Amino acid sequence: MVSLLEVRNISKHFGGVRAVDDLSFSVEPGEIRALIGPNGSGKTTCINLITRVYQLTGGEIYFAGTRLDQLARHQIVQRGLARTFQNLRLFETLSVFDHVLMGSYLHCQVDFLRTVLRAGPAKAEIRATTDTAQELLDLVGLGDKGHLLARSLPYGKRRLMEIARALATRPKLLFLDEPAAGMSEEEIDRLIDLVRAIRDRGISILLVEHRMRLVMNVAEQIVVLNYGKKIAEGTAQEIQNNPEVITAYLGKLHEKVTRDA
Amino acid sequence: MNTHRIRNGIVVALFAFLALVPTYVEAPYVIFVLNVTCINIILVLALNFILGYAGQVFLGTIAFFAVASYTHALLFAKLGWGFWPSLPMSIVVTSVLSLLIGIPTLRVRGAYLALMSMGFIIVVGDVIKNWMSFTGGVWGVPNIPRPDIGTFTLTSNLHMFYLCLALALALAWLSLLIEDSRYGRAFKAVRDDQLAVEMVGVSSTYVKVLAFVLCGVYTGVAGSLFASFNVYISPEIYSFNYNSIFLCMLVVGGLSSVPGSVLGAILLTAAIEVLRPLKEKYLTPLALLIIIILLFEPAGLVIFIERAVAALRKFIPGKRLKEARRG
Amino acid sequence: MTQSCGRWMSRMAVVALVAGTVLALAVPASAGEKVFKIGGLAALQQGFGRSMQSGAQIAIDEINAAGGVSGYKMQITWLDDETSPATGRTLAQRLIFNDKVDAILGCHASTVVLATADLMAQNQILDIAMGSAQKVTELNNPWIVRVRENDLLTGKVLANYMVDKAGLKKIAIIYMSEQYGMGGRDNLIAALAAKNMKLVAAEAHNQGDKDFSSQLLNVKKAGADGLVLISGVPDLGIMVKQARQLIPDVKIFMSSVGATKPFMDVAGEAANGTFAVVTYTEDNPNPMVQKFVQAFKAKYNAPPYDFFSGLSGSACENAGCVQRNQGLQRRDRPDLRCGQGRGIGARTPANHVREHEAQGGCEGQRQVVLSAQTLRTGEHASGMFPRFAHRESGSYGMGNPVSADGVRAGAGLRVRPDRPRV
Amino acid sequence: MVSGLALGCVYGLIALGYSFLFNAVGLINIAQGSFVMLGAYVYGVWFTNQFHWPFIPALAALIVIMGLFGMACERFFYRPFKRAHLRTVLVSLVALGILLGNLALIIWDPYPKGTKGLFGQTTLRVGGMAIFYQSLFIIASTVLLLIVQHWLFKKTTIGKVMRAVALDKDTAALMGIETDLAISLTFAYSSILGGIAGMLVAPIFSIEPFLQVIGFKGFGACIIGSFSSITGAMAGGLMLGVVETLGSAYISSLYKDAIAYAFIIAFLIFKPEGLFGTRSEESGL
């Protein structure tokens, strides 16, 4: 079986710094995979490389059998790969509803003139996208917030809105970049349900996350990075018992403890 | 939906106001200025696509305008094409040019784009001025005929005004429709965050080029109307001063707002005529006005009207009941 | 609440400030009883426009002090046309329909004159044009008269002097790529062709250029001994400076722009030893000219900057009389009588020039196009601007035997002999 | 060729003002040309033509005036829009340009003016060519200013503060740096640079409101060279000057500006980081 996403030996150097170094991993259809690692281990850089925000220094990326690293950013999304951002990227002047509608832009087929004049098939299309948007907002629990300006939402809700926006592009694979940051424990509970619900729609998920509660609860496979390199890969159970991972995480903790002492 | 109704209402009201002016004021000079107002409205709407909706600091609309007027003038006055064939032709030429300019230009952003647009104005000006055999060079193109409808020629400025007004209204309405469509949303999204737009699978370059082409189409119409209306065109018309005036109109009226663009064009065209006794000094109050508006109400003067209308509506019980019933 | 109130107060204060500025800048116009209204159109953002404004005011003050024209007081309203034909058209309408002017003192840019020509004819408004282009003549519009020299004449005068008097063999030109420069070039070529000569180099530059080295080097390569520069200020001044640096030996000739104070200011010492064709100079001993210059100095505390002041003054003096002389009376002003027109510039409509040319002679043409005062008396003694040392004057004017082809119009050619170079 | 070099130096000099502000605030000041114009007027018309001050006090006064003026511009035309969309800042600066151009017209009349400069019209004769001393003066001053700027930016505390602010305003503020003051000083310095450029070019060009346009060429120089490198800006200026001179000599003097802008635009499109810049990671992050 072909992997949905296959990352082969990618690396990224910023000047002399090797942010990502010869990294390979894959995501299978229908799975939730997590990418974890200490701060600065290259998790977000890795996502930025796959979505072409950064240029690769080396390596190849395949998505459902086709090569990704030659495409423009928007083409990657058109192939079925969507993402959210660690530091939220909102459209300042658009409402929550508009954000989600923006996500379904790429699936609109009707030509310019008929869309603008709302003639012929445009009407049906507008209705369809509006319905989808409402449905997605309901899914993430923002069903009644559609008319608000996105920037007026609290931090945690903005993250949910970004997820709805990404879902509106109808992805096969969704990257969630630290979705739990800034969320309360209660919100994380709901997020866990949401992530599972998304997966149940047949969308694979690559989760970059700090909050171990989320990762350990939802991820089926976990990839651990340290200094841009993969140091371990396996189920939650395996990772928790992997000595190298413990050193990477606890090593820091250990250092910190000794320093504090 | 409510804000949309207010917005559309203001546009209609502004155009109705313009249409009614000639019934009360018959002075030929006022009628003349009304024509200029309509052409300015179209130009400001054009600039609004790029600077307002898409947020790109491209200030070269005057160059598109020049190309459009020259295309129209040469086809109409020299080749005798007639107004109605020349109009779509100048729209096509201008939008193709804006496409050609748009694609490479859009790789650059912010102040780079601002400079490139200034350079573009200079290049277009140089070509028009120096390509004697084709454009008539510095002498311009004289005797551009007025448009005709059927067998009726719009020689009088009043008739010309109704044509300009109708076209301006149609284009303003089209702007409103575009704003409410997914394209309008995409323009604003590109302005707010290009990367996020690309990350929902939309090419930001495509969106920006679309804004450019729309700007080209609008300036195409404005250029055609202007050439026929003014009878004579020459390179001096398309000056930096005139260009800054569009910018003022848009900022003063309200960036990213159709009623704002229309209001800005009306107010400033009138203001410039009122400030004429200041002679060469009229740019000073205009520049101060921009700064003041940016400082106190970056959304432009139109926001005051919108607020006033919204406040008035609260006092109309019937409306409130109806809305309560609906909601 | 108080905060928003304070915010409002500060906003209102700013608005008041702006309104105040606007009002302070605006000059309220006063209305007389019996007035002859002139509308002034000029690029007031440029020096020429400013000169026209101040020069015309002198003449109007003088006329009004003497009781006006046939009892009509003269009054002038100036508007800035930015040398844009579009703005010019708008403003012409404003002047004609709103301010109800009787005559328009036209723009110095020929394109504006061309753009407004049809309005003048339709509304029977006399346009006293300042544009010097031959195209203005070709309009054949009886409502346009001109008080400035036709560019055609400048070309002829230059050719006559350079070839016949100075004996130059290789003449080159650098011109501004605007109507003024291009017209000047064509006229010079025509005038030289009449003498079986050709330009050895014709180079162009764009308005606002700062570096002319490539044009000057081409002229140098062509081995020119005489160089004609037809351009505007300040480009002309910078060009002369650079010409002195790159081709020190060439003789430099200019159109009337080369005899203006702004040119002198920019060119500085480099202006020494250059030649300029001009119809009006403030050191012309003609009492009329001197009276004008005195009045100007008294009012503005400075000498007139350029010929536009003088021409503009002359134009105003004539505005009243021309209409009657030409039978071009406005229907609504049958009572208007000819005043004491002293200049002759405006007396002949532009189409007369054409007739004369068609006949192959230029008799009378100078009267049409050249400033009246300096020509009629024939006593014009040209000079240099007093602030330059080594003054030595010569005159190439009316009655000069060199003008064998009958162009006796070169009265204003001002000769600025070479000064010994260091 | 020599004149191309001198012209290039002028462009480079103006480019310095742009590049300084860009390095410190990350802003391209489209009104820089107006600073040049203002410097030319203040120094040329007021100090030299009207007051007849000697060079040194006039230069000192120019520096003080331009510095204060730059700070005022920052206060009214930049600071209020610091957090707004870039478009707002740029529109505000365009308005500043219009305002200054028109005010110059009102304060000083619209007649173009000349000024003598330090060396008047005296020339140095080399072979068949005469070179204005003023041109040599411009080249020398430019080199001097280059060195000063390098030193100021890399070695002094104030330079370090400015660089810190440029890198990250918020962190710099947390470190106790008064970012507003630092930005204000940056504006002051770049305004002084503009003023000095104006002072230097006034004798070889002319003083008029239209002088603002020369700012665009300085900007172009930055694009060709680099905004982030001072030497780059200088080299870009020289290159632009030479291209302009050669373009008008071999192609057409009428399309000289068109050629120059085409050259700039080509650089923008194909090598946006400039000749001397390092390619920055193109990301919105």
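In this document, chain identifiers A, B, C and D correspond to the written order of the chains, with residue numbering beginning at 1 in each.
Going forward, a contact is a pair of C-beta atoms (placed from the backbone, for glycine too) under 8 Å apart; a residue touches a chain by one contact, two chains touch by 3 or more.
In this text the structure is predicted, and so the values were computed from the model without any measurement.
Peer 1: Using the contact definition stated above, find the chains touching both chain B and chain C.
Peer 2: D
Peer 1: As a test of understanding: of all chains, whose mean C-alpha position lies farthest from that of chain A?
Peer 2: C
Peer 1: In whole angstrom, what separates the CA-based centres of chain A and chain C?
Peer 2: From the centre of chain A to the centre of chain C is 72 Å.
Peer 1: So how far apart, in whole Å, are chain A and chain D when each is placed at the average of its C-alpha atoms?
Peer 2: 45
Peer 1: Quick one: report the Å distance separating chain B from chain D, using the average Cα coordinate of each chain.
Peer 2: Computed value for the inter-centroid distance: 33 Å.
Peer 1: Using mean CA coordinates as chain centres, what's the chain C-chain D distance in Å?
Peer 2: From the centre of chain C to the centre of chain D is 36 Å.
Peer 1: Indicate the residues of chain D shared as contacts by at least two other chains.
Peer 2: Each of 105, 110, 254, 257, 283-285 in chain D touches at least two other chains.
Peer 1: Touching at least two other chains at once: which residues of chain A meet that condition?
Peer 2: Only 53, 89 qualify.
Peer 1: Residues of chain B that touch two or more other chains: which are they?
Peer 2: Correct list: 126, 130, 191, 193, 195-196, 280-281, 284, 288.
Peer 1: Looking at the complex, which residues from chain D come into contact with chain B?
Peer 2: 27-28, 30, 76-77, 80-81, 84-88, 90-92, 94-96, 98-99, 101-103, 105-106, 110, 216, 219-220, 223, 252, 254-255, 257-258, 261-262, 264-265, 268-269, 272, 283-285
Peer 1: Please give the residue numbers of chain A that touch chain B in the complex, ascending.
Peer 2: Going by the criterion above, the answer is residues 51, 53, 72-78, 82-83, 85, 89-94, 98, 101-103, 105-106, 108, 112, 115-118, 129, 165-166, 168-169.
Peer 1: Which residues of chain B touch chain C in the complex?
Peer 2: It is residues 27-29, 32-33, 36, 126, 129-130, 132, 137-140, 142, 226, 230-234, 236-237, 239, 241-242, 273, 275-282, 284-285, 288-289, 292, 296 of chain B that touch chain C.
Peer 1: Hey, which residues of chain D end up touching chain C in the complex?
Peer 2: Residues 3-4, 7, 105, 109-114, 116, 120-121, 123, 129-132, 204-206, 208-210, 213-214, 244-246, 248-249, 253-254, 256-257 of chain D touch chain C in their complex.
Peer 1: Hey, which residues of chain C end up touching chain B in the complex?
Peer 2: Those residues of chain C that touch chain B are 11, 14-15, 18, 21-22, 25-27, 29, 43-45, 49, 78-80, 82-87, 89-91, 93-94, 96-98, 109, 111, 114-115, 118, 135, 177-179, 182, 204, 206.
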